[in-house]
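Take this structure, written in structure tokens, and hold onto it; I'll ask about it next.
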Amino acid sequence: ATLDDVKARGELICGVNVGLTGFGAPDANGNYQGFDVAICKAVAAAVLGDASKVKYVPTTGETRFTALASGEVDLLVRNSTWTFSRDNDLKFDFVAVNYYDGQGFMVKKDLGVTSAKELDGATVCIQTGTTTELNLADFFKANNMTYTPVNIADDAEGQRQYLAGACDTYTTDASGLAASRATMPDAENHIILPEIISKEPLGPLVRHGDSQWGDIVRWTYFALVAAEEYGVTSANVAEVAASSTNPEVKRILGTEGELGAMLGLDKDWGMRAIAAVGNYGEIFEANIGSATPIGLSRGLNALWTQGGLQYAPPFR
Amino acid sequence: MAFVQEAPKEGFRLSMLIYDTRYRAITIQVVVLFLFLLFLSWLVNNTIANLAAKDRTFDFGFLWMRAGYDINQTLIPYTNDSTHMRAAVIGLLNTLLSALVGCTIATVLGVVIGVLRLSKNWLVSRLMTLYVEIFRNVPVLLWILLAATLLSETMPEPKDFKVTQAMVESGAEPAASNILFGTVAITNRSSLIPAPLLDRPLGGMEIASIPVNFSLLAVLAVFIGSVLVNARFLRRVKAIQEETGERPVTWWKSLAILFVPVIALLMAMGFHLEIPGFPTDASGVSKGFNFKGGIEVLHSFSALTLALALYTAAFIAEIVRSGIMAIARGQSEAAFALGLRPARTMRLVILPQALRVIIPPLISQYLNLTKNTSLAIAVSYMDLRGTLGGITLNQTGKELECMLLMMGIYLVISLIISSVMNAFNRAVKLKER
Amino acid sequence: MPKQLTYVRGEMLAPKEPPLREAGVVKWLRENLFSGPLNTILTLLGLLATAWLLLHLVPWLMHSVWNAGSLGECRQIIAATWGEGATGACWAVVRERWPQYIFGFYPQDFALIARLSFADQYAAAGGYEGVFGAAVNGAVREAFIADLRANAGLFDLYVLGYWRPILAFVLMFVAIAPVLFTALPRKMIWFSLLYPALAFWLLWGGTVWLPVVALLGFAVMGAVFTLLKDQLGVPVSAGLGLVAAVLWWLFAQAPVTAGLQSALPFGLASVDSDQFGGFLLSIVIGVTAISASLPMGILLALGRRSDMLLVRTLSVGFIEFIRGVPLITLLFTASLLLQYFLPPGNNFDIILRVIILVTFFAAAYIAEVIRGGLAALPRGQYEAADALGLDYWQAQRLVVMPQALKISIPGIVSSFIGLFKDTTLVAFVGLMDPLKGITAVVRADIDWKGIYWEPYIFAGTLFFIICFGMSRYSMWLERKLKTDHR
Amino acid sequence: MSEQAIDRRKLQVSDEVAIQITNMNKWYGQFHVLRDVNMTVQRGERIVICGPSGSGKSTLIRCINRLEEHQAGQIIVDGTELTSDLKNIDKVRSEVGMVFQHFNLFPHLTILENCTLAPIWVRKVPKKEAEETAMHYLRKVKIPEQAHKYPGMLSGGQQQRVAIARSLCMKPRIMLFDEPTSALDPEMIKEVLDTMIELAEEGMTMLCVTHEMGFAQAVANRVVFMDQGQIVEQNEPGEFFRNPQSERTKLFLSQILGH
Amino acid sequence: MSEQAIDRRKLQVSDEVAIQITNMNKWYGQFHVLRDVNMTVQRGERIVICGPSGSGKSTLIRCINRLEEHQAGQIIVDGTELTSDLKNIDKVRSEVGMVFQHFNLFPHLTILENCTLAPIWVRKVPKKEAEETAMHYLRKVKIPEQAHKYPGMLSGGQQQRVAIARSLCMKPRIMLFDEPTSALDPEMIKEVLDTMIELAEEGMTMLCVTHEMGFAQAVANRVVFMDQGQIVEQNEPGEFFRNPQSERTKLFLSQILGH
């Protein structure tokens, strides 16, 4: 089973994005950072007790599923959309949705376009091997428009081509667009069009058939969400564990009950995950939130208590 | 006497399996076969186990399912409703197109550079040496990336060609305009060249969902006819030369035979060129994002093809140079001593011999170039690897099937090319005693 | 009839200087540049092309900026120094990121730097345990390292910091020296044979016993081979030796390594494959594949010329298959498909897998080159060896191969150059090659977004130097080998 | 070359059989190249084989050290029958030295290394000893001073003498020569023949394919004439040249002695 | 080869000047290879040029059909001065035939094609006629039956004879030979020399670089000895060999006749 492999190896192998600032990219020292990467770290902390015991395997939109399917990686966290066919035909399990997203278009301001419906005849930069590629085809067909696709292997190249004017518009998940735009030297000259043409629930995924491993990832993620709900942060987690009286919090942090054992882990797993990367809100704010250059607002990804969709099932 | 009259007839002993030359070969082969089969069954076994563990099947049914994605360069009709199979064919055609154009350019360039490297002109031969050394000592991937970057970073955007309202009012010109008398536009996405159009085309039909254009067929037929007539004409000329010794001047007659009929046919069908440009409204303001009309040659294609051609040309130049040098100096001296002029010497004596030396390595360069087109991924060109081995693989998750199919196709292409080479080698082998 | 048939020269003429137009600049120009209309046109074209290139490149190169923190800063400096609208090269990116281009994300040995150059601060921070000891001290460690980064000198950071790859690289030259320069003492070959294990240990770290015990496997193979060779002949005893070695590696390797490690713990911090990158990665892949592909290529070439139908068919099949498909499909196989072909649950290193497939690729090409060399060898050489009573393997080793390899040197070296250039393709399977992999990372950095030419030119130049060097070396070797027997 | 005419009576021919060929047949594919060859060579015999081109002379002597495989009949060399058994082949080859028309020296080794290669690897003689032996034989063929040169630096005659020395270093009991002088310039032929004559004087068993009739008359104790893969005539040399029996031999002798 | 000894008196030497070389100098870079060469060749003369290696013999005759360019002095061939003028060069080259040491036949063409190539393309002779001429000369050099083979299938002596026939097909008035026999095996030399002697008998003007002294004595009416790029001595062959004048010549002759 994957859990045993990971433990035996002492290392979690995580498929990530290398070029999407805020979600997954190595910094100048080669340390991977980002909203997606944080989940890898949390799982490593929960399973192995050390958030740094992760081996990051760079994947492109095109290679990521093969990497997961062939066993190259234990876990894929690469802004991947949960779709029916990926779940059933490609035989993966999407364990959660860490970011509710939709596909958008970015254009240069001086193009004078204000709606995606005006893009008839445009050249569109698109990453190959993504849902957005299929959505794009559907969208233009539905609106009876034509376009020229420029199929690009990774985000960095997509941005380059877009900036160089090799395409009129760049389309991908809105969050990806925001991340790209944030890193552009002249961010103010680019706008993201209002249309969101698809639902893109992004989340971590594992291979079919190993439910235990899927559960570990799923509940590690939910622990992070629940932690935000109960105000547990990386800074106060030790203190809360000692003082909290909320039974659910205590169960998450392992001071009460045997949740860890049910997962096949020890009882501190939740505490370690939260201590290593912080709760969902912390991760969001640190990597892509409004204080960062990417500046995404919580929107749909706010907690359910604040009108969003992020919702952790009960820990009991 | 150490001499044994009748060596004892020995029966078969086990040790003979190792020591006896007759049996040893068999022993070794049996062992090798056994090991090979063992290895093979181990692979197959693992694969089956792995597929089962991952809850996957091994079948090619996905090839007949809807692809759902679009491709920007399609030599035969394709929409996102077509099958994965057709997408793969599109990719294959793109691969072949790039390989074909690349080989052609590389050959022309390589021959020119190789010959110029031998030139007595110091400057030119040094420049060519520089070219060869620089291109062949740097990874081809770099040339592909550089070509793509060069094209997309230094050429004007399509919108620079547009006439805006303000320009119409002030009478200013757009920042960029077509080159070559306004017929060709090079933007940072593609080159647009005039498209041939017919007013009175002959129509067409579809055979096995591949469109057949009668006008094109007619033009081809006429041209082939002209080539045949020309060949006859040249035979006649040769006969005259053999008879009288004088070779009539033929080039303009040949040209006429080759092109007049085709041009006449095209005129009859109402041939004209469609110049690429922006559609404009009544006041002359351009509309839309992109050029309309003309044939669009994507830069992803140009960059890949050009870079491969430039890179391979460096190797071809070396092949040509050493091929010519391999023909001993004595051959040209002998020809000179017989009174043949340098150009004739080249054509009648040096080239026919150099070609034997040149063509085999040349063909393996073609093979390399063809295989290198799989680097299309670096510049977003949708070749076989991009469609079948890329998007299709990713969308369907059939990595095993897609990769095997793709390798198989490349293998077939390679085998075809190398069997052509072998046939050639056999045909031109020098007669020795 | 000729008047005076008889002629005897009274005194010999001394050589004279050639007439002026036979020497000097004028003649040189006339002969080399303007010897005819066609040549004159070519010269002018050449001059034009050169001028055009220089006109575009020189200003750009002249306006180079070496010191800046980001592309934006570079542009500001250029605009400030050479005026608005001037273009210039921003080499600052190379200056800032060159360690990654060379070493990828290979970790610097801060412990060593601390110990050697910052002993006081190190002691104050609590020595090894305090700084590098346990994972819990993450914050202390990070702070200490940040401090080191800021204060350490260039030598400390880049030479001491990267002492392992640098040492491995330097030793590589020692190891290949006896191969390159036949004049060196033959005993050095032993070092060359040990070098792979040593380099492995230096680069990947971990316990020293792993490579030592692995080498023992070869010793086992050698022992079995020499013991049995006389009775069973070369192929059989080599096969049995291989089996013994494999058994050793499968069953004895792990326990013996563990035992030795617990008895005599000695090792280096281990480094993960995914931290390799840049030219370090290219060189590791290139050199390993080059040295492994040569023996394999020789075996394949011999197989292809074998009398045994099956052996020949398999060799031909292998060679033609490998040569018939593009390298990148093989790389994809290495990274994505190999997992299907291997027993479930295994997970072996991606670099290793890539090396294996690249080795196969190179071996197929080298086999063809060597086959050419073998074919060029006169039949008489084989017959003479047979007549002297040498057996097949002795004849191959002592008579045939030395000659065939010599003939094949140019081809082998150019295969090597091709192989080294092709290491850049590993970028497509997610490894950090210096050309595309590292450049993509650099360009993902917000500071350097929008930089194109400089990283490419930098990496391209390094490749050029290495490949050009190799090809010159092969020419030198060819000349040398040609002359010393004549 | 017959200045050093040999007193042929001095040369010992023992009763011991060195080579026994019985009803040997060989085919190249469909082509029957050796037909029912029978031949017995006593130890110490010096046999010259001659015959028109393509008559199978080379093939015959190449069969004797199994450079070619025969398909029917028997060849027994020094008591060892040549079969497919590798051990027998090895044994025979180390007993039988061979000198080729084109010398076939190993160009990548020095003269000395050429001579010591086989003793060291096949006979497992210590290197030092092998070198001493080699120098001994090089002195014998009168080129000790060339020991450290490469074959490419020697003249043809010298190369052929090295080839002889190389064979001798294996201390063979039988020497085979396949037209050892026909690739040489006239001046060099003498050097080589002299060496061979010396060998003959020492009682080496020799089979020599050659058309040097002077050599045959001076040294051989038997001349074998072959045509179309068969032994047509054999005789003591004086008799053979003076008084050939078969028509074929007469024709052949008239040609080669004529020019 | 002097069985067919030629009655040298029968060979006509006319008064007409075929080649006139005056104060000719040539440098290879800084190396002064031909120094003040003066030479007059009458029509019908047969001149043998000899001299030590590197003395400039090849260079001299290669200058005569402008395979090399001279830098000072004058060469007039059949009334045409050799300058850089392409027309003159073409004219001279089609008057002057040349036979090289290494034959330089075109391996991709049959013997017949080798012989007809230049007549067809340079002289614009109809193919049929060219082939007839070619067969004529091939008969003359005694190898008409090889006409449809390729050069690779012929022996060296045959190849050299084809080379001569090929030159003759251009009906040159002067033939230059540059060591035409030195790449040949001894038996083949004779075939080629015989052909050359026949040519000489027909009165062809010939300049021949060769060390075949027999040929010189039999055919030449003048022997020119060169050393260090200069003509050191020239004389009628009998006199030249019997009674050389200069020291240099004596030394040279003692060497080549000595062995």
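A few comments on the model shown:
As written, the chain order gives the labels A, B, C, D and E, with residue 1 at the start of each chain.
The working rule: contacts are C-beta pairs under 8 Å (C-beta built on N, C-alpha and C of every residue); 3 or more make two chains touch, one makes a residue touch a chain.
Bear in mind that the values here come from a model prediction, so they are computed numbers and not experimental data.
For the pair chain A and chain D, chains touching both partners: B, C. Traced through touching neighbours, the fewest hops from chain B to chain D number 1.
Between chain D and chain E the CA-based rotation angle works out to 170°, given as a multiple of 5.
Ranking every chain by how far its Cα centroid lies from the centroid of chain B, the top place goes to D. Among the other chains, the CA centroid farthest from that of chain A is the one of E. Compare each chain's C-alpha centroid with the centroid of every protein C-alpha atom shown, and the nearest one belongs to C.
Between the chains B-C lie more C-beta contact pairs than between any other two chains. Separating the CA-averaged centres of chain A and chain B is a span of 42 Å.
Taking each chain's centre as the mean of its C-alpha atoms, chain B lies 30 Å from chain C. For the pair chain D and chain E, the distance between mean C-alpha positions equals 44 Å. We define each chain's centre as the mean of its Cα atoms; on that basis chain C and chain D are separated by 51 Å. Annotation for chain D: residues touching 2 or more other chains are 86. Chain A has residues 63, 66, 70-71, 157, 160 in contact with two or more other chains.
For chain B, the set of residues touching two or more other chains reads 19, 50, 53, 153, 377-378, 399.
Residues 13, 25, 27, 29-32, 35-36, 40, 42, 45, 71-72, 222, 227-236, 239, 245-246 of chain E touch chain C in their complex. For chain A in complex with chain C, the residues that touch the partner chain are 5, 9, 13, 18-19, 21, 25-30, 50, 52, 55-60, 63, 66-67, 70-72, 154, 156-157, 159-160, 163, 183-185, 293. By the touch criterion stated above, chain C contacts chain B in their complex at residues 28, 31-33, 35, 39, 42-43, 45-47, 49-50, 232-233, 235-236, 239, 307-311, 314, 320-321, 323-329, 332-333, 336-337, 339-344, 417, 421-422, 424-425, 427-428, 435-436, 452-453, 456, 459-460, 463-464, 467-468, 471. Considering their complex, residues 1-4, 7, 16, 19-24 of chain B touch chain D. Residues 233, 378, 380-381, 383-391, 394, 398-399, 402-403, 406, 484-486 of chain C touch chain D in their complex.
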